[in-house]
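There are two complexes below, and they share chain A, which is joined by chain B in the first and by chain C in the second.
So, the complex of A and B:
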């Protein structure tokens, strides 16, 4: 299993932003890896640091107002140690990214085929004609019907789902080892979302692309990923297989997040919510467990700093994890 | 006029009745019109939560805006407890507006950043012809009713979280004791942990105040959890109306089946139906909708009759309404229990 080196290895990633109020830490002690052909989910609510993690790995955070530490190895090269110039060369070739809003990544003034061909020529020494042919080919592969004539369309002439397919085509045209997808289906209708997630699964499997899928939606993770990393307040609080997390979560936040989602058979019953306790603010972080002010299982011991505990096939940032039998996504049959 | 007759009388029948509603927009430039809503009929009972679900372009928000008299009504009737809302003008319209209040998706845009929470909630009271004597007491009870406390009253919106702001918007909507609350994607922008709290609040408002709610969302899971009955819209028309439980366990329209299949299930693989997406493609343009059944271009059960004939919304066994010629023959799959 471990003979092959993972496509992406992130170690001890720290991100902080410089604000008028001083340095604010957005990501702390984040480490994970993604193997070839694997899709790993990074899940969290707003402010969890999941997008800052993605932008840091891609080298897309503003140099002046942010500080990034740690390493992110892609094909043996540390992305975080590269100069902006070196980074521009690998970005797109070794590492692709897709965003929630495709219009932000597409230039409204150029035909989509030309934009993809430009990406091809930025990384490969091929003729214009070959690049254009490659663009049509990849557009067909991401499910754009009649790709040859659609490649001459401008972004505004396409629907949201088609634009998202174009962005995926552009990110994958150079067959990068790693694809980072930040909420790629959040703005899409649910029937289109199902198609795009299916496309990501197929492309990852066929090309061996390692995918980091960033989302707030546990349903999307369940349908797409093999492993999950749950983030809260800038830290990974639980990392394990998706089925294991949904069946038997060991961190109270993972469990609470699952319980918040309406589920079949519980029509009109009150949902679990995670109230923000009075006096707790996302800006003021407790020195111990960061989830403590909102945790239903908090105890005195939780006020001490919480390391990410390595349990072999799972990692949990909760000192009480083995004392709690937390509910998951399905009722557990008592043995 | 009919509204006067209702005053003091014991109400009977549905609270809101929407009958053959059409909402039409003129497309700028092209000499064409876009029928955002094309012949939609449904009723909302007293104390009922009615869910309206659909993808983008389905016309669900236009229905809400027509009820609020914020969208041009081309044809049809909207009746609130005997009052034809669609025919009201000027002073009369203003007098009846208080009876239906709306909560929007963006909790920040709906609040004036310069007003305190107290001012925001009191504003609708102040705008009335006869403001209540104890407005201050009413504001205090409203803020508690939505799960905040009086310490929040002197704060400005920017110091509140998204969920707290949405609670303020609900308090404000409740200030004039409306009969109907219209929520258009009111929880869609919130984190799930916060969304759950707002859903619980709406359920308790229904139970304790007996208020009726039109709850519009693209999220079938949320709508099916909260609503008594659900209407499924596709390209300006209703495809199906049924109780939330019947709709999810036994859908009768192919589009409802496809929506259920596309819904990502947050459950382990052993407890999840591994179904391929049932529909390809995207919603066609409302400016140029397909003939006959509007879903036919994406329907996997499509037959010749679907292009020729528009299926009416009609009752089927089980108590629901469905707009499909072949509802009796099709065996459709619902959610896994």
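So, the complex of A and C:
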């Protein structure tokens, strides 16, 4: 029997931006898939191309100043091949997106219930009354107390956490197969962050939504995702299960990211940091491993182009991966 | 809200008083006086002085102003020194004509301005945008009397599609009134349309690049709904501000256009009164105009609160 088709399949995604200095590549050779009800993390520092990847899949990059190649299949339809009009029809219906800043991502002049009902009516032929009722229902589902009266509130009358719940409700109201969450908890404080992540896990499980969780925070990934794709300088450098990544990272960048997490029990030690980027801006990228200028394990062989090596259950873009016993979140005990 | 509105309304009273006082004093600064006109040609100095006294013009300015004010607050704006017509009646006769013209010009300015502003914001930095920008620069630079003359020579004298001069009340005969209204409205409203288009373009470009517009795209709204419902609503406050300013400008600019199209509006009334030093007519007209401008500003202020829930 054939395995169930993944909800989202991204193949060979490439994104470049047209600038005054010519075309600059922001994302290269990105492929991944997300199954129904699965949460996959896309991790990397600012500028690693994770948000560009998300916006490209949603077709939200500016048409005139960007080029997108490759494919992104959602429920068997290639999002990257659709016309703007066709895209508007599937956005919000087959795939939804939530953003980092719940403060500015909602229209300040419309009541939140109306903003959700509007989404319903953009995709289904239902009455205003039915759309409004659906809005109240989903607001209740994302944990907004007293949803019926809160649906008449304006965004500025809600807290940051509540607004992010509204964003989630709006993205999920048409039960899309895929949800892309771009740093959904970065702007929130830690307790609210935990609640929102819990909510995403529950909704993904209950509705079988495939979630792409974009974050720079490995703690968030550890708490929420089953698999992780680490991006660096526009490329996926490591892809594997979350536990494997955290316990035994095979790419020096993944390992370095893990070392950057502050930990209890390490008194009076300076916080770890990855050396400053040198020559990593897109136009002066090294032709070999892009992490080479910052890597503590660089060798002569790293100057050659680095393919993503398929190791069966994981993939890594490091030719020296099997020579390095890189530290993970748990110290290895010598046997 | 209601309390705030009442407070704002009460605060308008000193503004109106100040405007009426300043205008009263300013007219007196102009050389000449109505008694000279009334006395006719070759009048003796004694005759002119006699008329001055009978009109009360020999008293101090403050005294004259207070007398005028005490009548004005009771709705009595006095009589024209020259024609003896009641000033309130003269304003009542001419103001609706001017307001109809201003209204027509405002419709032209808003309709063309908003369409052009939205079109150029959606196609920012394209050929369409450039064409709209140059047309609206030309529109803003063109004096309305000249545009009026051009329109008349093309559409009235040349093509004979529309009447060149005259005025018909909308209430009396809507169809004929509209035919008479088209050319003067375009002549008067062109500058406003250009102004609205340029300002709206800037505001909309900024709004269309904002985070919440990206959210609207992400949830699958059509581009036209995003622009016409959400972005334009976001532009409401600056848009209403420009429209409010246009009303004040149009009330002033109507004088010239009335002259070109032979419309007997309030502009014509005030110009002939000013030429004859008919002080109280000028004073009455200016105070009524000031009142209208102040009320428009008040309405603009109130509309901010209605359109943006954050400042309610």
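Criterion: the second predicted complex is superposed on the first by the 323 of 335 C-alpha atoms of A that agree within 3 Å, B and C clash if a C-alpha of one lies under 4 Å from a C-alpha of the other, contacts with A are read in each partner's own complex, and residues count from 1 in each chain.
The rule is simple: contacts are C-beta pairs under 8 Å (C-beta built on N, C-alpha and C of every residue); 3 or more make two chains touch, one makes a residue touch a chain.
Note that the structure is a prediction, hence the values are computed from the model and not measured.
Annotation for the three-chain superposition on chain A: chain B and chain C fit side by side. Once the two complexes are overlaid on the shared chain, A:109 sits against chain C while remaining clear of chain B. Figure note: vertex chain A, arms to chain B and chain C, all at CA centres after fitting on chain A; angle 80 degrees, rounded to a multiple of 10. Of the two partner chains, chain C is the only one touched by A:60; chain B is not.
Once the two complexes are overlaid on the shared chain, A:295 sits clear of chain B and of chain C alike. In the superposed model, A:92 lies in contact with chain C only, and not with chain B.
Within the superposed three-chain model, A:30 lies out of touch with both chain B and chain C [touch as defined at top].
Of the two partner chains placed around the shared chain by superposition, chain B is the only one that A:222 touches, whereas chain C remains out of contact.
Judged by the touch definition given at the top, the superposed model places A:179 against neither chain B nor chain C. When the two complexes are superposed, the chain touching more residues of chain A, out of chain B and chain C, is B.
Of all C-alpha pairs spanning chain B and chain C in the superposed arrangement, the closest lie 11 Å apart. For chain A in complex with chain B, the residues that touch the partner chain are 45-46, 159-162, 189-195, 197-198, 216-223, 242-243, 246-247, 256-258, 260-268, 270-276, 328-330.
Within the complex, the chain B residues that touch chain A are 55-56, 161, 163, 191-197, 199-200, 203, 218-222, 224-226, 244-245, 248, 258-259, 261-272, 276-277, 279-280, 282-283, 335-337. Those residues of chain A whose C-beta lies close enough to touch chain C in the complex are 58, 60, 84, 88-93, 96-97, 99, 101, 104-110, 118-119, 122-123, 154, 156, 167, 170-171.
Residues 210-212, 214-223, 225, 230, 233-234, 236, 307-310 of chain C are the ones touching chain A in the complex.
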